[in-house]
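Two complexes, one shared chain (subunit A), two partners (subunit B, subunit C).
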Partner chain A sequence: MRVAELPPADLRRRLAGPGLALRTGPVTVHIRSALPDVADGLSLLYGDHSLAREGGFCDFHVRLAPPPGLRRWFRPQVCFYLDGHTPFKPLPRSQAFPMLEWGLNWCMASFLNRHVILHAAVVARGDVAVILPGAPGAGKSTLCAALVGRGWRLFSDEMAIVSLEDGQLVPNPRPVSLKNESIRVIQDFVPEAVMGEAHVDTRKGTVAHMKPPAESVRRAQESARARYVVMPRYRPQGEGVMVPEGRAAMLMALVDNGFNYSVVGAEGFRVLADLIEDCRCFRFEYADLESAVAAFDALLAGEA
Partner chain B sequence: MSAPSLLLEVLCQPARAGTLDLPRWDLLVRQARRAELLGHLHWLLAQEGLLPAVPPAPLVHLESARVYARAQQRVVRWEARCILRALAPLEIPVVFLKGAAYLLAGLPNSEGRLFSDVDILVPRPRLEAVERELMRHGWMSTHLDAYDQRYYRTWMHELPPLRHIRRRTVLDVHHNILPDTARLHPRASRLLADAVPAGRNALVLSPPDMVLHSATHLFHDGELERGLRDLVDLDLLLRHFGTDEGFWEALPRRAAELDLQRPLYYALRHCRRLLDTPVPSAVLEAVADAAPPPPLRALMDVLFGRGLEVDHDSCRAVGDGLARWLLYMRSHYLRMPLYLLIPHLLRKASRRRRDRGE
Partner chain C sequence: MEDAADRGWSLVEDAELLAREWEGQIVLYHGGTGNTHLLDGQAAVVFNRLRQGAATERQLAALLGEGAAGEDEPAGLRHTLGLLQRLDIVEPVPGEGCRASAG
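Moving on, here comes the complex of A and B:
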């Protein structure tokens, strides 16, 4: 059953009561919250995700709720709980949905150490996956959203998940997190995109999430091999040209963007070194999305 | 006493893990993660050859916890090397305590265990020199508040925690295992005198002292934040050293020498009660005199029975919050006389309020 098939009132009731077990990529997350923002966000942005059957195993049991004490009422706040433990400081109540997103990212980056988890977006076309690593603010989510809006498959935003078993990328299509000016830019570039509420004054500025395409979510169990690593950077005077980069240098860039690289240790190095052997690597400075998408399409045109 | 948690059941009878359905596994992983025993559970099931019986979904989390524990072991080994190198010019005994000690001594406790920080014990007269050398090598005091500095330096058995400026790891430098203000007074010089080598230049406490320190930390000093994890440590130590010649004879004798009979009594009692730890009856008789008088004994059984359980929603019972609060107050009461304690707790409470911005 998909989230969208659940009437909104039921969704709200389930979230406030027994909770909702949501399948996303490699994990099942059990979510509880009586906050309407959380229900609305899930209903809008996770409509194509499926619900897990009752009585199974959930990887994470999370809850979004007001903190104990006065801040329940006075300048209300929200806390993220993983099994009663709260890893973060509370945030203003209005940021409940972004907090769920950040909390889920934290769960995955902290507790899936049979995978190397990198700070990167991943898009795919056919069975060719492209890793887009990059520092926050480099413009990888924007580029990812633009590509996805033009028919690329959303593999994962925010984190690339590489299995230690077989070196394959594991899909995790969740809402794409867009910040500040990017929100406007993507709304213009992909007018049909479903965009969640804009949350102002978060620690990352204004944040809004774009709903992942139904097709990407449907294929969330199909892993793929990385074939390209492209490190994007938005620059107003960027020429939108793919500049080849050495594999060794790009491997180090992946390592620098590792969430749990130091935890996984030597095995992680071996898996990433194997991964990079199969990849062509580029740096990519882009100024406008139209030519950026064209450059990516051209990259893969050589594949056929 | 209410029914034990699923985690306790499995710790006592690992074979139970082979019979669990997915919802029970769900609960077991949650409880074990909360108790910081997920990595230990992996080790335990591996020892018993039960990993093949674990379904794939929970196995992901057991294996992840093992990977994480190994990463922490690497970190702690490296820290130990750095600490020893920094302190080498002083030519003093450096005794590693708790987690780092279990790791350096190659004890089964270190397998799958999570470490929060590194603890060392050094001779008190050299404390200033130790702090100076550590600071030269990048360890800086974390509690910069003048009140905290004075609190630690005047009353406590350790320096304010040090954090390495680049690696961000935390080091606690102890000169004793209990505060000077505590009700019990073990002599640190005796602990140092009996310390045994563990690898190059590192020392750890002798087996009886290691057990006594672990018992003291849990039952006389701690706030039971990681009660069950610490009890599992004790259980593993007792099982491991229990096969050594002379260990069981030495343990109660040493407890008497160090004024630590009461913590040893509690440790043996609750290890047996909750984890079925084998303890020879002669040893139980030897520490029986250290038990509190009967009404208090019954109360403490109830309190520790609750306080040592997993602090997870699925294990809550009526009176849990009260039990934990009483244990918290007890730990402070044992730490300091009331005329020092009350101003200290008031100060902590007012600062907490200030930090929350209320």
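Moving on, here comes the complex of A and C:
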């Protein structure tokens, strides 16, 4: 059963009561919350995701709820609970849905230790997957959203998940997180995109999420081998040219963007080195999304 | 007293060192420290030589085309060895042990 098949009232009732077991990528997350914003965000942005059997195994049990005490009433806040513990400070109640997203990212980056988790987006065309690593603000989510809006498959936005077993990329097509000017840029570039509410004054500025394409969610169990690593950077004067980058330098960039690299140690190094061995590596500065998408299409033109 | 040029160096013995090389650049994972390093230029040449066994500074300087101590000081090599030692990748060993393995 998909989330969208649950009537909104049922979705709210289940979230507020026994909870919802949501399948996303390699994990099943049990979510509980009586906050309407959480139910609305899940309904809008996770509509194509599957629900797991009630009472089955869940990797994470999370809850979004007001903190105890007077803050429940005065400048209301929300806490993210994982197995009853609160790893983060409370946020304003209006940020409940972004907090769920950030909390889920944290859970995966912290506990999926049979995988190497990289700070990167991943998109794919056919069987060819492209990793887009980059520091916050480099423009990788914007580029990812633009590519996905033009028919590329969304593998994952905030993190690349690489299996330690076989080096394959594991899909995790969750909503794409857009910030500040990127929200309007993507709304203009992909007018048909389903966008969630814009949350202002978060620690990242204004944040909104783009719903992942249904086809990407449907293929969430189909892993792929990385064939390209492209490190994007938005530069207003960028020329949209792919500049080849050495494999050694790009492996170092992946290591620098590893969320759990220090945990997976030598095994992680071997897997990332093998991954880079199979990839062509580029740096890419882009100024506008139209030419950026064209450059990516051209990159893969010889792959068919 | 041992001549500086006869001082020996080897890779650290008690740490897992995993290395991959592309186009003369080496990415090295150090199992002891958990750090990953990019070695290029002299550092890559020295590391590759020491993977074959311990070597004296004279042998390493010859490999790099630098003068050994007593001729022109191999300042670049000393700097490189110091850097690799600080990263716990190489360690000094008695120079006598190097000659047989250095070839």
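Operating definition for what follows: the second predicted complex is superposed on the first by the 304 of 304 C-alpha atoms of A that agree within 3 Å, B and C clash if a C-alpha of one lies under 4 Å from a C-alpha of the other, contacts with A are read in each partner's own complex, and residues count from 1 in each chain.
Just so it is clear, a contact is a pair of C-beta atoms (placed from the backbone, for glycine too) under 8 Å apart; a residue touches a chain by one contact, two chains touch by 3 or more.
All values reported here derive from a predicted model rather than from experimental measurement.
Asker: Is the arrangement of subunit B and subunit C around the shared subunit A a clash or a fit after superposition?
Answerer: When both complexes are placed onto subunit A, subunit B and subunit C end up side by side without any clash.
Asker: Looking at the overlay, what does A:N113 touch: subunit B (first), subunit C (second), both, or neither?
Answerer: The first partner, subunit B, only.
Asker: Which partner does A:M252 contact after superposing on A: first (subunit B), second (subunit C), both, neither?
Answerer: second
Asker: Kindly classify A:G55 by the partners it touches after superposition: subunit B alone (first), subunit C alone (second), both, or neither?
Answerer: first
Asker: Of the two partners subunit B and subunit C, which one touches more residues belonging to subunit A?
Answerer: Ranking subunit B and subunit C by residues of subunit A touched puts B first.
Asker: If we overlay the two complexes on their shared chain A, which of subunit B and subunit C does A:D83 touch? Say first, second, both or neither.
Answerer: Once the two structures are laid over each other on A, A:D83 reaches subunit B alone.
Asker: Go through the superposed model and pick first if A:G265 touches only subunit B, second if only subunit C, both, or neither.
Answerer: In the superposed model, A:G265 contacts both subunit B and subunit C.
Asker: Once both structures are overlaid on their shared chain, how near does any Cα of subunit B get to a Cα of subunit C? Whole angstrom is fine.
Answerer: Nearest C-alpha pair, subunit B versus subunit C: 7 Å apart.
Asker: Both subunit B and subunit C touch subunit A; at which residues?
Answerer: On subunit A, the residues that contact subunit B in one structure and subunit C in the other are 262, 265.
Asker: In their shared complex, at which residues does subunit B touch subunit A?
Answerer: 22-23, 25-26, 29-30, 33-34, 55, 57-58, 60-61, 63-65, 67-68, 70-71, 74, 311-313, 356, 358
Asker: State the interface residues of subunit C toward subunit A in the complex, per the touch definition above.
Answerer: 16, 18, 20-23, 25-27, 29, 31, 34, 36, 38, 40
Asker: Give every residue of subunit A touching subunit B within the complex, in rising order.
Answerer: Residues 28, 55-59, 61, 69-71, 83-85, 111-114, 262-265.
Asker: For the complex, which residues does subunit A have touching subunit C?
Answerer: These residues of subunit A touch subunit C: 246-249, 251-252, 255, 261-262, 265-266, 269-270, 273, 276-277.
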